[in-house]
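Below is one structure, written out as structure tokens; the observations come after it.
By letter and in written order, the chains are A, B and C; residue numbering begins at 1 in each of them.
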Amino acid sequence: MGLYVSSTRRRALAVAALVGLCALPWLAQAAGQGFYVSFASRVLIFALAASSLNLVLGFGGMVSFGHAAFFGAGAYCAALLAGAGVAAAPLVWLAAFGAAGLLALLIGALSLRTRGVYFIMITLAFAQMAYYLVVSLPGWGGDDGLPLSGRAPLFGIDLKDDTAFYYAVLALLAASLFAFDRLAHARFGRVIQGIRENETRMEALGYPVFAYKLSCFALAGAFAGLAGALLASQSGLASPSLLHWMQSGTLLVMVILGGVGSLYGGVLGAVLLLVAEEVLVEITPHWQIGLGLALLAVVLWAPQGVAGLFARRRGDD
Amino acid sequence: MTQLILEQALNGLQFGLMLFLLAAGLTLVFGIMDMINLAHGSLYMVGAYLAAAAAQASGSFLVGVGAAVAGTALLGVALEVSLLRRLYARDHLAQVLATFALILLANEGVRMLWGAQPVLLNAPDALAGPVEIGGFFYPSYRLLIIVVGLAVAALLYWVVARTRVGMWVRAGASNREMTEALGVDVRRLFTVVFACGAGLCALAGALLGPLLAVQVGMGESILILAFVVIVIGGIGSMRGALVGSLLVGLVDTLGRAVLPSLLREFASPEVASTLGPALASILIYVLMAAILFWRPEGLFPARA
Amino acid sequence: MTERAAPPSSPLLDVCDVGKHFGGVYALNGATLAVEAGEVHALIGPNGAGKTTLIHTLSGALRADAGRIRFAGQEVGGRAMHERAALGLARSYQITNVFARLSVLDNVTLAVQARTRDWGTSFRFWRPFARDTAIVEEARALLERVGLGALAGRRAGNLSHGEQRCLEVALALGTRPRLLLLDEPMAGMGPEESARMVELVERLARQVTLLLVEHDMDAVFRLADRISVLVGGRVIASGLPDEIRADAEVRRAYLGDEA
């Protein structure tokens, strides 16, 4: 994969999608399907989480199998702050961002000593540690998780209203993706992509590879934490299942499905997976069969993910 | 206290040996084909369900176990030939996605066939009571598991260390290209290895069935433990899998039993009762992280 | 450049008694070598003499077990590879090691961008790289110099072997090293490509100190100001090409192999 360049066409598509998403609550109300606003918020939150994973996985080339730990850390951070009476959404978001980022810094500093499969496994182990700690810490709700009393307001805007919350999530997702786009085109983004392509060569050129990988890992963890905080607010619960390894797996699946290393891969994957789930549930109680078969089909016939199907073939010569 | 520790140590040994049955197949698949198989735990689940169904139909636990091993091994062959083969050359991400899909398929398939409720698998009546070992009583069924586990481990060790097939397997795990160049049909070898791995999974599932609940999702929790085992032991190493299994089995079981009371010696009761269970549940992951920190390739690296 | 000036007498690279063993096998056994600033210093020796191990040990890909390595007056034996590279100790690889999936131009811009002393840190998360036009210009100029100017837009993996060898050199040059370790730049090249590479190395020699590992003896004796001979993990002779040609021990230990 070459260095990331966002084409005008893709930017135009993104802007069009953004406009469409802005109109979504209005369309849902008009169709009398207000429930879908809440569902859409959920999809966008997962889109943010998956995009943050894509930052480490697709751009940094680090296959992290423990991303759910940061997702969950953000959720619990939001729940604990809500319990402590913090009533300002930006504060909660910032705290979740910071806490998850710090956790990722710590886990990354230890895990990035290993490579390849061992890295996959050690990130998994740390996430499992976080999972069991959260479940067994007294006062953290055990298997039931921590409920949130309500959603903190955003500068006087009441986010308890699902539409207002939806717009807040959409704004955060758009801002994060914009930041990722800047990052991918900045010097830092080029360096982490260079490391993905050939770590030894980057080291030989004089780049302190470990520091770059760790920064990327921590940054991605922070954004996952933000997504976790949003999900806790959305559902009114910080659940331990957010830290379970199946959650890490689901996020990985979203990224692979949407397209590894493509800026909108995480978004595309989250939308596809969650919408497919929603549709299949309507059709059959055994919807997991359909989902499983669909994933297998993607692996066998669309190795670059769904985004790869749409990408124009780029000739080299 | 000594009694408790002894009993828990036996439980740990028993659990570790069952983990070894899973880890043995997993580490070879991983080592030879460099393939991440998340669906390994699903084979264990399928094995447990097959054992329950066959035992119920025939009225014999032994028939149940036999049917489970044979059926799951066949399923393993079918999976390997039809799907997994196409994944060896792909990257780890594709393997994760495909085998994650297999988990979904297996869970839902089992749910369709046997329903969402746990099914019952009873140990044979003859083994229902405890036996006396050196002055204390231990459930005879658990003892049987230990004996079977030790026997299988010994057999595996002999096959891998002493036979020609075992030599190919070891060679394949340490350097696949070279082994192929020397004329070993690694493709077919691998189908055999995979089938054996699946059979071992089923054996573990069938044996543990009466102790744990036979239910959907049982494969996922044990899968992660099996991964911890092979990472601790060193991917591709049989010896590592055995040592890792026993280490994880003992540390986990003993940790849960002993750690809370041990903490009470050093800290206040409140702290001990708070931290004890939390620490015990993460102990093996701490162990794994520590081992990877000091020996990033595990205790017994298979590759030079 | 803001280097601390070394005393005029001390060599740019001073390798003293360096040892490296793998298990019980000694690949380097007290290797001692001095490379003076400005010279082309060739390192020759039979297969298995430890030449590549020495290059790895100097660049920091491997840590020496014994001895010391001083570069530009600083002890670098304990430094990581990227730190040595940042000090101006660059290397090329014997087996081509470029960014195969990136364009030729991106390959070289990554190398140029690595030079923090000129461009500042790469921990820049927001400002688009596209504004760093000077880096791209320098990379293009560098590609012209190694004869790859017309291929800037190609995928590096699609270049011919000889072109990839040139790109390999361009990557090392992009960091503007004070000393360039060239590990068999002519490896696997045909006669025409080799001749072009010799010309390239001759031009390089005017700008940068070179430590050249090479099997092609014609090239070595044409290019080198001084030659060191590595046999069995130690340097058995070091001197002017004519001295080496005449050295009895070298003839016995090394040229005898080829006869």
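The criterion applied here is as follows: a residue touches a chain if its C-beta (ideal position, glycine included) is under 8 Å from a C-beta of that chain, and two chains touch if they have at least 3 such contacts.
Quick caveat, the model's predicted, so the values are computed rather than measured.
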{"item": "Centre-most chain [mean C-alpha coordinates]", "value": "A"}
{"item": "Far-end chain from chain B, centres as C-alpha averages", "value": "C"}
{"item": "Averaged-CA centre spacing for the pair chain B and chain A, given as whole angstrom", "value": "32"}
{"item": "Distance from the mean Cα position of chain C to that of chain B, given in whole angstrom", "value": "50"}
{"item": "Separation of chain A from chain C, taking each centre as the mean of its C-alpha atoms, in whole Å", "value": "43"}
{"item": "Residues on chain C engaged by chain A in the complex (per definition of touch)", "value": "59, 61, 80-83, 85-86, 90-91, 93, 97-103, 106, 109-111, 113-116, 122-130, 132, 154-155, 158, 171, 174-175"}
{"item": "Touching residues on chain A, where the partner in the complex is chain B", "value": "57, 63, 65, 110, 113-118, 120-122, 124-126, 128-129, 132-133, 135-138, 245-246, 249, 252-253, 256-257, 260, 286-289, 291-296, 298-300, 303"}
{"item": "Contacting residues of chain B [partner chain A, same complex]", "value": "30, 34, 36, 38, 83, 86-87, 90, 92-94, 96-98, 100-105, 107-109, 111-112, 220, 224, 227-228, 231, 235, 274, 277-278, 281-282, 285-286, 288-289, 292-293, 296-298"}
{"item": "Complex contacts: residues of chain A adjacent to chain C", "value": "1-3, 182-183, 185-191, 194, 197-198, 200-209, 212, 215, 316-317"}
